[in-house]
Structure formats: structure tokens, C-alpha cells
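Note that chain A is present in both complexes that follow, paired respectively with chain B and with chain C.
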Partner chain A sequence: MNAENISVIKVRELLMVTMPSDPDDPTISALQEKVLNAMERHEAKGVVLDISAVETLDSFFARTISETAQMVTLMGGRTIIAGMRPAVAVTATELGLTLGTVETALNVDRALDMVNKPEKQA
Partner chain B sequence: MTVTSPGEMAIKTEGDIVLVRRTAREVAMQTGFGATDVTRIVTASSEMARNIFKYAGEGCMRWRTSERDGLPGIELEFEDHGPGIADLNLALQEGYTTGEGLGMGLPGAKRLMDELEIRSQVGKGTKVVLRKWKRTLQ
Partner chain C sequence: MKSRVNKADRDKSSNRVSGDISSNTELLQRLVNTVKDYAILLLDTEGRVLTWNVGAERIKGWKADEIIGQPISKFYAPEDIEKGKMEQELREAAEKGRFEDESWRVRKDGTRFWANVILTALRDENGKLLGFGKVTRDLTERRQNEERIKKQSLEILEMATVPVVQVWEGIVLVPIIGTLDSQRTQQLMERLLNRVTETGSPVALLDITGVSTIDSQTAQHLIETTSAVRLLGAEVILTGVRPSIAQTLVHLGIDLSNVITRSSLAAGLQRAFNLLNTTVTSIPQNNGGGK
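So, the complex of A and B:
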């Protein structure tokens, strides 16, 4: 498995990023660079990170997602995490993981709805 | 019920962390755990495997199924011969980390499992045993 497994597609002014079900650490690390470069290249307004296939979200993965979202914010973009599975949400909470101030959506469809609405106040 | 035979695998590379997750998932599913418990077990295993890779360089995971009060369970043992942990109470504390981790590896894994047993000797290594049992037979 390598960085090629992360799909980054530009849809209108957004980047749609799809994570594979069980990425290794180098793949997760590659996420950051890939997303940030794509932000610049495509002049995207934000990122929708689809994690609906992800079966395990451990502390390393969660930290990378949260850091990537912070970096996207620094670049003037917005990040929405979409499609966390129920079992992953339960486990992440029990493990003590937080995604910081990253916005979340039930699925990609809802994430796209959110983009058309003003950003919620923290 | 499928009886999973015990086994052992080495943890030496980053790729092995993925293999640990796959193996833990398979053993947990064969033991009959539901989706949420499988995810808990796999996530705890991932934290332990990464600890080994990051702090000890290499180690191994051993797995076996067990039984308590007539209910099947899983036992995962993570052993390394790394630097060891000087203060176990501190390592089990929320938010404590010596690396770039979030400091939730051990306390987090403890919350996800029913039992976490840890033995460590500075300069000799660390052994962590994780256990979880099914709540009901079905």
C-alpha cells in the first residue's frame, strides 16, 4: 500500500479525498502533503475527507487528520470529515481521540450540504 | 464456534503494524466479537504495535483465545526487548507521553479492553497483555 491509495479529486471548488480502509503509516503521512499540494494546485476552498471505508482510527491516524485540517485552515480552506463508521466513533471516543475543531458530517452528501452553508461558530 | 489456534508474529516494520491490525481483526472476528468490539480490539492492538515499533524498534505479538465464566475471549500479548518503561504508573496516566504520541496509547488501550496487564524492566523490555471477553454467548 502506498500514497497512490489515497484518491484526491477536485469537485467544483472542493477536494474530495478518499481514504483506503486500512492505510499504513507512510500512506497516512502522505495524506498531509498530498492534500496540501492539491489545495494549492487546484485553488480549492476546502477538503472533504471521506473516511467511510476506514475500519480503524488510532491515535496516529487521528492526529494526522487533525493536523492536516489545521494546515488546510492556515491555507484558508475548510476541512470536513465525512462518514465515520459507528464502531469507529465509539472506539475513538473511548480511546480519548478528538479531532480538535474539525467539522464532521454523517456522509459525503451531508458534507457537501454543509459547504454551501456558513461555517458553524466554534 | 471456530477455535482459533494461537500464534505469533514479529513486529519489525511499519507494514507489520498493518499486519497486526489484520491479524487482531481476524482472531477477534473468529472469536465471535461484534463489529464494535472488533474495532476496539484492533485499535488497541494498533496502539501497542506502534509503541513497539517506535520505542523498541522490534518485538512481537502473540495471540490466543481464552475463556472466562463460559464466555470466549481473546488474549493479545505484545512483547519487546526495548528500553522498558521506568514509571509504569506514569505511563498509564492520561496524556503522558515521551514521544510525539498523544499519550493515550496505554490508558486508551486499557479503556478499550477488559484488562491490560503490563510488566516492564528498564533496559530489558516490556510485555503488555490485553484481554477482552464476550458479554454474551451470542
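So, the complex of A and C:
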């Protein structure tokens, strides 16, 4: 899987990223660069990361997502993970993986709704 | 004395049926031939069929003239023939006098049936092996019934352990009753996550009104379930937190500050409506009469 194939699309004031089903570590790292550069270039309000195709979530992937979200926050944006599969959520919980303070949504549709609303209170 | 009584008994019983031994043998022959529910056959020492009855024809599908002289391996599944099951069973019957087995056997048309087979070694007065008697019953139906009952009870058990119901558009509810062990939590998590995804519900209510006591393990399982649901992008509201449960949770030092909790299901539902920006107004009186 080549990171070049993953597109970071700007929609209105948001960045849309769709993850492939089985991303390898270099792809994930490259994606972080790409998202941050796009944040700077477009002055986006947030990032929606669609992981509905992702079948396995490892610790590296989880950590990178969590870190990227922190970086995006520092750049003044929000990060929303959309469409995690039930099986992936079960594995992630069993492994004790957390996504930190990253917001989650059932699907991209709801993620877009969330961006237009104030941030969830804890 | 003893022998005389025995002799008298024997005389009496044989008189009752018939005084003639050859007539008894003939009756027995007729019984074997006409029994439909059992395949009763005689085998030679090598396991070849010597006699065949109606039951055998009905259960196995072969006619007498097709099968007499053939080895009983004809009734075995190919994988059993390969393992030498027939030879092994005959050897055991010869050694111990008897062999019983329940397994799949094959009919003439190739279909399988679940058979109970009893092999009995037949010997003369000097102990010389003359052959074997074989009685087979078709227990396919009983086995199917047993399997169906097993499957049904498993389903019922599963349903009873963790029902996940959709109570409103966007809200699923799980009433938890009893204690949550690891296995139940596993089931609960899987079913809840699947239902949340299927129904696209952003809110899940976990109602613990039916949980009498809570320990740190149960609480840990609730926290795990909550974080898994959160990963999907839905929110969990823990409802039915009664005073005693609240006390226990604090004394155990369990931190549920990240979870929305409410004392009653009603309050939890209200919170869910808030999260979904849904408002439910009371129904006007004139609609409530049912007319």
C-alpha cells in the first residue's frame, strides 16, 4: 500500500481521509505528514478520518491516530474518527488501546454533523 | 433340590409357549424376520452377511439377495473403512464377547444415518467362534431432535443473557440482570456493538437496575464495554445506579467520571434525548382516551 494513493480531500472547511483496509506502518506515518501539511495549506477546521474499511487496528496505528489528533488540536482543528467496525472496537478494547481524546462518530455523515455543532461536553 | 425347581420352572415355561423346540425356533425365526425397527443379522467370522431381515432392508436399503455374502464394511463411511473400523470392531466383539457403537453409517443410496450397533460373538460349547450377531437401530431422528433442542436452548440462553433492544430511533437499551462475568461481557459487547452499528444508534443505554451487587470486576467490564462503544462513535449512558451501587462504586475507588450515569432509566432516556436533540412532549389528553 502506497501512501501516495491515500488522498486527503478538502471539503468546505474540512479534510476528509479514507483509510485503506490494511495500512502498513510507513503508510500511517506518511499519512500523518500529509494531514498536517494539508491542515496548514487549507487552514481547515478539522479532520474526518473514515476507518470503516479498516479490519485490524494495531498499537502503532492507534498511537499515530491519537498523536495526529493532538497535533491537529495544536493547529486549531478537531479530529473525528468515523465508522469503526464492531470487531475492531472489541479488539482495541481487549488490547487496551485507546485513541486518547479523539472524537468518534458512527459514520462520516454523523461526523459532518458533529463538526457543525459545539464540541461534546465531557 | 435347587436343580429340581429349575427343571420344573423350565418345564412349565416351555409348556406355556409350546412343548416343541423346533416350533420355538421357527417362531424366533419369524420374529427376527418380521421386526421392522431393528436390523438383525448374522455374520460369519470374517464379517460377511449370512442372514438379512425386513428391518435391515428398511434401515440400510439393501435387499437380501444383494447383500448376503458381502462384508459389513459396505455399511461404513469411506473414512471408517480406511481406518479399518470393521476389523477393529469384529476383533473387539470376539475378544470381549460384545461390542457397542454409535456412529454414522451409510445406506445403499449413500445417505448417512446415525446408528446404534451391537455386535455379539457367537460361540459353540467349546468356545469356537462361529460368527457374530449384529443388531442395528436407526437413531438419526433422535439425534436430530437432540441437536435441535441443544441449539434452541443455547439460543434461548444467549437471548436471556444479553438482550439488546432498540427503544427509540438512535437509542439502544441493554437491561443487565445478575452479575457480569467475562463471558457475558464478551457476548454483551459483541451484540451491543453490532446493534449500535446496524441501527446507527448514537446512544446506548446500559441499565443496571437488575444488578444486585457490583464488584470491581463487573465495574471493569462495564468500563470496557463503554470504551468499545465510544470507539464506534456512540455514547453510553449508565442507568439504574441505585444508592447501594453508588456507595459500592465509590468505596471500591472505581472511576466512572468519564461515563454519563443516571439513577433511573427514565432520567437516562431524557439525557439520551438531549444528546440527540430530540424533545418528547406529553401527549394531549384528547389523544390519550383511545377514541
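Operating definition for what follows: the second predicted complex is superposed on the first by the 121 of 122 C-alpha atoms of A that agree within 3 Å, B and C clash if a C-alpha of one lies under 4 Å from a C-alpha of the other, contacts with A are read in each partner's own complex, and residues count from 1 in each chain.
Just so it is clear, a contact is a pair of C-beta atoms (placed from the backbone, for glycine too) under 8 Å apart; a residue touches a chain by one contact, two chains touch by 3 or more.
Source: prediction; values computed, not measured.
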Fit or clash between chain C and chain B when superposed on chain A: fit
Contacts of A:Asp22 with chain B and chain C, given as first, second, both or neither: first
Which superposed partner A:Ala82 touches (first chain B, second chain C, both, neither): second
Partner chain in contact with A:Arg63 - chain B first, chain C second, else both or neither: first
Which superposed partner A:Val90 touches (first chain B, second chain C, both, neither): both
Which superposed partner A:Leu99 touches (first chain B, second chain C, both, neither): second
Touched partner set for A:Glu55, first chain B, second chain C, both or neither: first
Which superposed partner A:Asn107 touches (first chain B, second chain C, both, neither): second
Gap in Å between nearest CA atoms once chain C and chain B share a frame through chain A: 8
Doubly contacted residues of chain A, that is, touched by chain B and again by chain C: 85-86, 88, 90
Interfacial residue positions of chain A with respect to chain B in the complex: 1, 22-26, 55-60, 62-63, 85-88, 90-91, 94-97
Chain A-touching residues of chain B, taken from the complex the two chains share: 14-15, 17-18, 21-22, 25, 35-36, 38-40, 42-43, 46-47, 50, 94, 101-102, 104-105, 107-109, 111-112
Chain C-touching residues of chain A, taken from the complex the two chains share: 80-86, 88-90, 92-93, 98-99, 103-107, 110-111, 122
Residues of chain C defined as touching chain A within the complex: 189-190, 193-194, 196-197, 200-202, 224-225, 227-234, 258
